[in-house]
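Scrolling down, you'll hit the structures one after another.
Shared between the two complexes below is chain A, which has chain B as its partner in the first and chain C in the second.
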Partner chain A sequence: MRIVDRNYLFARGWKSAAPILFFVPGFFLYLFIAVGPSLATAVYSFTDATGIRGIAINWIGFENYDEFLFRGAASRDNIAALTRTLYFSFFVTTIQFGLGLLLAVLLKRRLRGTAIFRTIFFMPVILGVAIQGLIWKLFLLPSRGPAAQVFEWFGSSSEFLGGQPRQAFIWVIVVQIWANVGITMVIFLAGMQTIPEELYEAARIDGANGWQLFTQVTWPLLTPAVNTNFLLNIIGSLQAWQLFLVLIGYRPGTQVLGYLVFAEGFGQTSGSVTSAFRQGYAAAASIALFMLVLIIALSANFIVTQREKKYMP
Partner chain B sequence: MTAAQEAPVETPKRQPSMKGTFKRHKLLTYVVLLAFTVLYVGPLLMLVMTSFKSLPEFFRNPTGLPESFGLSNFTEAWELAKFPSYLWNSFFYTAVATAICVVTSVLVAFPIARGYFKGANLVLTMYIVALFLPPALIPQFQLILNLGLFNTRTGFILLFLVNPIGIIILVNYIKSVPRELDESAAVDGCGYYRFVLTIITPLIRPAIATVTVLHAIGIWNELVLPTIYLTNDDLYPVTRGLIAFEGLYGSNWPQLAAAVLMLMLPMLVLFLFLQRYIISGLTAGAVKG
Partner chain C sequence: MKFRILGRLLAVLLAFGLIAAACGDDDSSDGGDDTGAEAPGAADAGDDDAGGDGGDDGDDAGEPEPEPEVEDVTLRVLVHQNPPMVEFMESFNDEFEAANPHISVDMSVVSPGDLSIATQTRLSADDIDVIDIFGFSNAAQPYMTAVTPPNWQTLIEAGLLMDLTGQPFVDLYDEPTIQDAGSFNGKVYAINLGRVSYSGMFLNLDLFDAEGVDVPTTWSELVTACEVFTSSGNECMTAGGADGWPIFVGAYGLLGAMYPDQAGLMEGLWTGDVRWTDDQGVEMLRRMQIFASEMLEDGVTGLGHDAAPERFKAGDVAMMPTGVWQAPALDDADFDWTYIPFPGSDNPEDNKYLFGKYDQGWAIAANTPHPEASLAYLEAFSEPDNYQAFANAVGFIPTQPTAELNTKLGAEVAPYLANYRVGLEQYWVPPTGVGQWAGAWQGAAWFQPFNEWTDPAALAEQAQMDFDAGLNAG
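Right, the complex of A and B next:
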């Protein structure tokens, strides 16, 4: 059997195996550390695996799922975390999408200084969660920080990240959007660059105003970028939890599903990883999160396809 | 004044009035952009100003300008934690893992793009599907643990050797390189490896740069994996080191701010130089539909 395709023109004989030989290491790594473990998550979710080497792993069927969803106070917390994940995702997606679009539209006008503005708004993306989180922890310092000062001017006050769970949760949403709106913005900007300028000119000659230019030209022709951002924002925000780790830690009443997986699988505090943690249970939680992402992403994808049919027949 | 009375004069006036609207729009645009800029620069400014204050000064006047611009916070923070070691570790992990990832990715992407072996399309589909699979977190941990690589540099680097998005970017780019090139090189007796290394690689440099930058940033900024896999602070990268520093000295904000500032500086400088590649990487394929 020949593995190498007929259109391969380089050496014949044993040397023709070269593309396969060089292909194998990368592909092996992919199977071994990416796809394999990814699929194995489902397998682990049916076991009582711990994070300790040498302890036997037993098959326990649907036990983890049963416990995760239906048993006692913990399951009620889990369901609450699930709902919270949906809230988080909804607010992050809609606001980040809206602000990203607004910024892109404003920067598209090519006024003086737009390159600098774009750099500024994109900057947090490359700083990473640890630095994003610490910067905002300082900015939101209760009673002393700049944000507290602003609240004071308006005769109000807030405990910010240290306040009620709901309050802390809202601030994490704010930071999440602050940190990632730059990605949404540059994707919109890249999409806008593919719209031919003549279309705007033609529409202007026909007497279209700014708003009409946006709704009749920009928005329909931006469909690919709109769809990408919509899906990326939904999937990204459902899985995001790292800012919770940096900003508020594992606090009851604030966790989202992603954080729950981490906390159950690896312990709530960092550094003490090797003590007995419930990795089977965490794997089940992680499959639950995956199902949630899958269902929502598929529905979103359905909406997106309908939109594409409408605008790009 | 009625609309009917105004109608005849409107035509000649149209030009200046449109200019007026344009100016007003322009002003409004700047106002909105500047408002956002305050939200972005404000937190950074607070960080910079805090890093120059002494602790008592910070308590007295947390938001104002610092009284002087001494560097004592920076030197003290530098001595309190193993920052040179964190920086070196981050650099080491990022460089080694990115190099291996990019080289293997090019060698995977090229035959896929050319269809040089059977099932190439299936393999490409597998890389795309990988983007939607459940997170590998738990089994990956079991794997590293059972290989005896927990809390080691090797085990940590192993986690960053694969980048499916990178493969997709490379495959798409290689497809734009004309196939005739392969044919004439083969006819001239050029070997496969030499061809990929000396002819294809320079031609796909923009895609390689994009993948490199994207992958490297991901590793440099990763916080969760070092939290899970590294318990020895000699092995900490910058992100984990910063959080550990916060845990120990977090109440001393001026020092912490100085540490954050020092550790974010390399990234910030790189960003200003590589912005184009970073942005092209993040938007690659996003707008083609």
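Right, the complex of A and C next:
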């Protein structure tokens, strides 16, 4: 049975166009849902667009970028949000990565109950952000909440999400990790299942202990999963903002760049007053976020590529 | 070969199907004229000639006259979450549908924070007929430069709101309300349904009696009262701190007592005549810190705005600074209560004002396919009896001159209504480029435990610096 016709690409008539025809729908779909909006955002960032139909859109050059980065004290707050985004990404990536790996190693052992724990750790991933936020808001109620009760046992107390920005920020990191560590764990588990058992047996015969098995067999052969998780965690945490919205809302000293984009684009409500929709300005902020993600993702990609060359030549 | 024949057969059938569909009677695509929409109580749709040949009335006396065809209409209404208001609207919608059998109301309820986004997106998508819109405010003033216009103004300039000028029901509302809260460039775009005050507080009078505390009329008396309540194991105040804004709204009386001329305060900040670092500004922040850090009970950082009345009803909290809109939630309280202006000054004369805003209103989408049904909906809503019932249900200070606030709240706030003023929140338009601390009037929500500030003077400095940064940025 011939599965691939090697002459297909060089065939005459309609057959020669078939590969291109199959490619075209996907290509246009990609242009329509991915490239198009991205390019439109870049163009919007040079305008005063409000997003409201019927309002003229004017070309204002680099004014949005100038305002975002250099004008008044708002630029100071924007830079602070950018710095906060980096902190958030660093802590989420490192902790989520480490915890996900640890859970995967523990759950790979064929012990009783691992399937249940695997389900428990993965369950938050399937919940929506609103549900995740609601669960934690209830858990972290400062008065009479379960977490407050635990703090009380140790003679301590906390305002949790409603308290000082730094404290609230740390709790959002905790919730972000809880919400996503399951997917990190599953990717690691999938990677571990591709490692042949014979390699472990051979290593054990050579006298390797548990730590050596991990560092000399698991870790090098887990490279694809490590790299995938590393990049996913970085990009996901740099773009995260929904949990900030659900858990603490728009409060001075807590915004990350993604939330700032949303608040500027769709207004921030305080009491009954909502600020104007500035979608051109928000587009400029999102381009700044994109540049940040791009630079960090490219650097991370360089590191993981080097790692792949080292372990998987 | 068989497949090719089958394919051709299917193609022919599909073509016939399309032609048949195109020639068919389309009775659902055009909603442009929803005839016969009548208000409850005036639903004599049989007299409505629209859609029929009204000129033939009576010509064929011997034959039964065919009923004029009335198109079914689904009226899409958007409102924000406010439990007593939503409850009233559900009941009103039932009555409206009963009086107008061809109209069904599809009401969407969104949280107040999402109202603006929902309004903008649904208006832009022509997916809404009647919208709930807060009273027009925060307009740019002549002394302001390079500021972004408020959303309601942008919606009007985009041609998305219907001009309601000359509609009969507009005249049912008092003229100043129509001008201040629903007009732009001489045209009426919204009818506002009520004013609310947010600079006062509810008092548990039974607890005051039990502890032998008089109702405070000055700041010093308020501080002393709080000390009495907390020393006896009760709590002085509660508020919905988890939502942030109820904290600075709760302290509005302090702002109002310090700066009774709120429009003047906004202008003064722009012109430099008023600075947050003035003695008055620092003193205001000092008192806000006492309010936030000492007067409010522990744990309010996790208490939502809607949950605060439940906490207050527990009976061991003496005061709840908040807006009058929460009065209906106290209907079943086991104690006697009242609502008074927050005594933010040591001069009782400064504490006689109630500050507030124009709250909910109605506007109609300019591109609605159901203009007559939409107008009928507003007309029905505005009928004096219905409006009176609405005002009673939600506790708004009425904007129809014939209506009265026939509730306990109405009786409690009546002495202060002559001193009602629009609050700074409705005038607040900062220069572009101000920092996040520029609005020191929100300072109560920035002191510990809600945020990091502990020094009122330092916060005043930061606030003024952030406001100046916007002014200097041009």
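Operating definition for what follows: the second predicted complex is superposed on the first by the 271 of 313 C-alpha atoms of A that agree within 3 Å, B and C clash if a C-alpha of one lies under 4 Å from a C-alpha of the other, contacts with A are read in each partner's own complex, and residues count from 1 in each chain.
Keep this in mind: a residue touches a chain if its C-beta (ideal position, glycine included) is under 8 Å from a C-beta of that chain, and two chains touch if they have at least 3 such contacts.
Given the structure is predicted, the values throughout are model-derived calculations rather than measurements.
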item	value
First, second, both or neither for A:A74, with chain B first and chain C second	second
Which superposed partner A:L141 touches (first chain B, second chain C, both, neither)	both
Partner with the higher number of touched chain A residues, chain C or chain B	B
Touched partner set for A:F88, first chain B, second chain C, both or neither	neither
Contacts of A:F244 with chain B and chain C, given as first, second, both or neither	neither
Partner chain in contact with A:Y259 - chain B first, chain C second, else both or neither	neither
First, second, both or neither for A:R53, with chain B first and chain C second	both
Touched partner set for A:F169, first chain B, second chain C, both or neither	neither
First, second, both or neither for A:F230, with chain B first and chain C second	neither
Chain B versus chain C as contact partner of A:F97, first or second or both or neither	neither
Chain B/chain C common contact set on chain A	51, 53, 141, 144-145, 266, 270-271, 273-274
Complex contact set, residues of chain A against chain B	2-5, 7-11, 15, 18-20, 22-23, 25-27, 29-30, 33-44, 49, 51, 53, 102-103, 106-107, 109, 111, 117, 119-131, 134-136, 138-139, 141, 144-146, 149, 178, 183, 186-187, 190-191, 193-194, 210, 223-225, 227-229, 232, 239, 242, 245-246, 261-262, 265-266, 270-271, 273-274, 279, 282-283, 286-287, 289-290, 294, 297, 308, 312
Complex interface listing, chain A residues touching chain C	50-55, 67, 71-77, 137, 140-145, 157, 159-166, 249-253, 266-267, 269-278
Residue numbers on chain C that touch chain A, as the complex places them	112-117, 120, 123-124, 134, 137-138, 148-151, 154-155, 157-160, 198, 241-245, 249, 298-303, 357, 359, 425-426, 428, 431-438, 442, 446, 448-452, 465-466, 469-470, 472-473
Contact set on chain B toward chain A in their complex	25-26, 29-30, 32-33, 36-37, 39-44, 46-47, 50, 59, 62-63, 104-105, 107-108, 110-112, 114-118, 120, 123, 126-127, 130, 132-143, 145-146, 148, 150, 158-159, 161-162, 164, 182-183, 185-187, 190-193, 195-196, 217, 220-224, 227-229, 231, 238-240, 242-244, 246, 253, 256-257, 260, 263-264, 267-268, 271-272, 275, 278-279, 282-283, 286-289
